[in-house]
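Chain naming follows the written order as A, B and C, and within any one chain the residues start at number 1.
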Amino acid sequence: MSEALLAVTDLRKSFGALHVTDGVSFDVRTNELHAIIGPNGAGKTTLIHQLSGALKSDAGTVRFTGADVTRLSMVERVRRGLARSFQITSILDGFTVLENAAMAVQARSGSSFRFLRPASKEAALNDEAMAALARVKLDDRAHRRAGSLSHGEKRQLEIAIALATGAKLLLLDEPLAGTGHEESAVLVALMQELKQSHTIVLIEHDMDAVFALADRVSVLVYGRLIATGTPEEVRTHPDVRAAYLGEEEAA
Amino acid sequence: MFNLFLLQALNGVQFGILLFLVAAGLTLIFGIMDLINLAHGVLYMVGAYFAATFTALTGDFLLGLAIALPAALLFGLVLEFLIFRHLYERDHLDQVLATFGLILILNEGVKIVWGAAPMSVPIPELLSGSIPLIGPLQYPFYRVVIITAGLATAVGLWLLVNHTRVGMLLRAGAVNAPMVSALGVDIRRLFMLVFGFGAMLAGFAGAMVAPILSVEPGMGDGVLILTFVVIVIGGVGSVRGAFVAAILVGLVDTLGRTFGPIVLRAVMDPSAASQTGRTLAPMLIYILMAAVLFFRPSGLFPAKGAAA
Amino acid sequence: MSAGTSDVAISGAVPDVAPRRGGVLAGRGSALAAALIFAALAVLPPIASAIGDPFLVVTATRIVVFAIAALSLDLVLGYGAMVSFGHAAFVGLGAYAVAILSSHGIDDVLVQALAAIGACALFALVTGAISLRTKGVYFIMITLAFGQMAYFFMVSLSAYGGDDGLTLSARSTLFGLPVLAGDIPLFYASLAVLALAFLGLRALTLSRFGRVLRGTKENPVRMQAIGFRPFAFQLTAYVIAGALAGLAGVLLANQAEFVSPAYMSWQRSGELIVMVVLGGMGTLVGPIGGAIAFLLLEDWLALFSEHWKLGLGVLLVLLVLFTRGGIAGGVERLFGKARP
């Protein structure tokens, strides 16, 4: 068994009296795809904000590649290889698809306080960006304006940008949100392929996708993890059935 | 020296009270509507002109003031109807441009209507004269009236904000306007009310200073900037913050101008001290603002909490 | 990755930055528009002397100087998405650098320009670092307040004229030579500075630095998520813009042979914003066109009435109210130029 790339211990976050993240502990092993599922309002998005550094945690620790990153900002975590995608598509609409990815390469390739040479002509940046785009099958769209992509393509670009940061670990926040059936199939195939090279934390509503992709699944309910295990273990876990799947069936 | 200090401190408080009257409405407009309004200073100016005109017409300052207040309210409501309600949804830059244009219009407008020459309003007989402080020290009665009227307004506002339903909506609106709107409150009407009321408060401040300052075009511009400093220090959307910051700014500015050179004389020769003091004194409040911002980027009493 | 595809990206970059506010002079014609404007300005002095109107050159110099200031503001406003309302302070500081040094017998334009750039960069660094800790309405108010601080500083600086300003004994010299003494040389010197600023900012906005700045304008959260700290980039842009505005001030002092705190007043800052937005923010040729249009409009309105500011104010309010997407969008529709 490989060692933990990401180790979360007793993580907490409250908004007033509301304990949104209530003592969450889990770890993510190198090269696994670890899915986090849970009903609406379980605190999944808050958790991913805490993991990525967008939100400060009240207590607990987040360790990444053995180092404590709990107090580090989002920028510092990205630089260490912890990249996230956004639940609501967050790309630079006004730039080309290539530039969206090249900007992420630029962030880790030398100083960005260079003022004269046109950045969009830097072959080294563009080559790496193209490689990231190729992995998500967007290379043929490279010179389109990002805002003109279809919704599914924008979701692919989100992932390409995270890849282009040089991430070791991808935090994917509902990559399938709002996608149609075909778009979703493309993205699932893409994540299947990414699993070979990257460690992934996947937050997702689509149960079919989660059970098809995940090595392990953690179930978050009202800010607490009630179970962690293989998809099969989680599927048959009585608490999970009661708290989560039962609710789904009832709804 | 102590007597001078006492007098200047009173002047500072009086100045602060005026700034508070202008800032109270504006901080709510910023906080609740997220609207940057550069034209609030001209409402102060318009209030002063209304007071001057109606005093001249009726021959009585108090009567003039009584007419000027509803006139300022009406003027604010008309501006809201014509211009501001179309700006709520726009970005800050559009708001800056439109309200900048409005300043140009109103500053020129008063020149056309009332002429470019300053107007003066006599202090009413009833409120003139001085009252004794301690020993031989006297203080102009009219300034005491301004301080009292301002404090009374502040108390009234405090009661309104903290103990009425409208006040509750105002406080909630400063924290989260969409939520208030989701509660089924007609947010547009609330905006209109706040704007009209804010205009009246600014007009009230202008009317009150009409007898002690000259009423002239552009008189609102300087006040506007000071009001911004007050709001930034106090925290956008906080009436309490506006009050504390206004008194602070009033005191620092007034005392700094008088005592800056005196204090500096202790460390340098007199002529250099008075030169340096006169140069630095007007900058004191900006330095104060920078210092507050450095430690508390959302002001002393941030309405939106730490998240903003 | 072939060079050919890179070209697509670069030519697409400029219009794509500001999809909402393109301005009259935005878009693919911008290079052409810039070339036309510079050519027209370059041949202006011979035409002015041919038609016997030397005052035209004086007006044109003023326009060119304000175009430089507007261009520098555009870096902050149009590319950096910072609504700065204190930009005139930098112009004024630059002008005072000339006047103060000159009153002490230092007339060399290079020394004066260095002092202006240094003073403005320092002022921008300090005030920018404090202002950028905040956002939105705070940022606007704070930049305005710092601008006023500089204004009041000059007003109370009685050793250098205070409220009344300071008259220059002569224009700046270069290595002791009065090269700027004539109006025409001063005009060409100003035009050269404008051209250099235009080309320099063009390179800058397309560079690595400029790309991060433009990205931050569009989506700061995304930029942080890929590892950029917006603060450092915005502050650097603020400092560069301040220094360039200071250079405009050096030229302004020479053009007027007079400086006063009025150069730094907040109305001036507002006018600079109007120029940038009128011409088209986020484009480089826009602010130049905006400065030309604004100053000509000002002169033209002044012909009709001493109350010309009323007309300007009405125009501003109407443009904002009755055009979607602000002034630039409205002017655009007026000229019937549709954007995709």
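Going forward, a residue touches a chain if its C-beta (ideal position, glycine included) is under 8 Å from a C-beta of that chain, and two chains touch if they have at least 3 such contacts.
Remember, predicted model here, so these are calculated numbers, not experimental data.
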Category of the chain touch graph - line, ring, star, complete, other: line
Centroid-based (C-alpha) most distant chain relative to subunit A: B
Nearest-to-centre chain - CA centroid comparison: C
Subunit A and subunit C, separation of their C-alpha mean positions in angstrom: 42
Rounded Å distance between subunit A and subunit B, as computed from the means of their C-alpha atoms: 49
Subunit B-subunit C separation of Cα centroids, rounded to whole Å: 32
Interfacial residue positions of subunit B with respect to subunit C in the complex: 30, 34, 36, 38, 83, 86-87, 90-94, 96-98, 100-109, 111-112, 221, 225, 228-229, 231-232, 236, 275, 278-279, 281-283, 286-287, 289-290, 293-294, 297-298
Subunit A residues touching subunit C - in the complex, by the definition given at the top: 52, 54, 73-75, 78-79, 83-84, 86, 90-96, 98-99, 103-104, 106-108, 111-123, 126-127, 130, 142-143, 145, 147, 161, 164-165
In the complex, subunit C residues that touch subunit A: 1, 3, 5-6, 8-10, 12-13, 16-19, 203-204, 206-212, 214-215, 218-219, 221-229, 233, 236
Residues of subunit C touching subunit B in the complex: 77, 83, 85, 127, 130, 133-134, 136-138, 140-142, 144-146, 148-149, 152-153, 155-159, 266-267, 270, 273-274, 277, 307, 309-310, 312-317, 319-321, 326-327
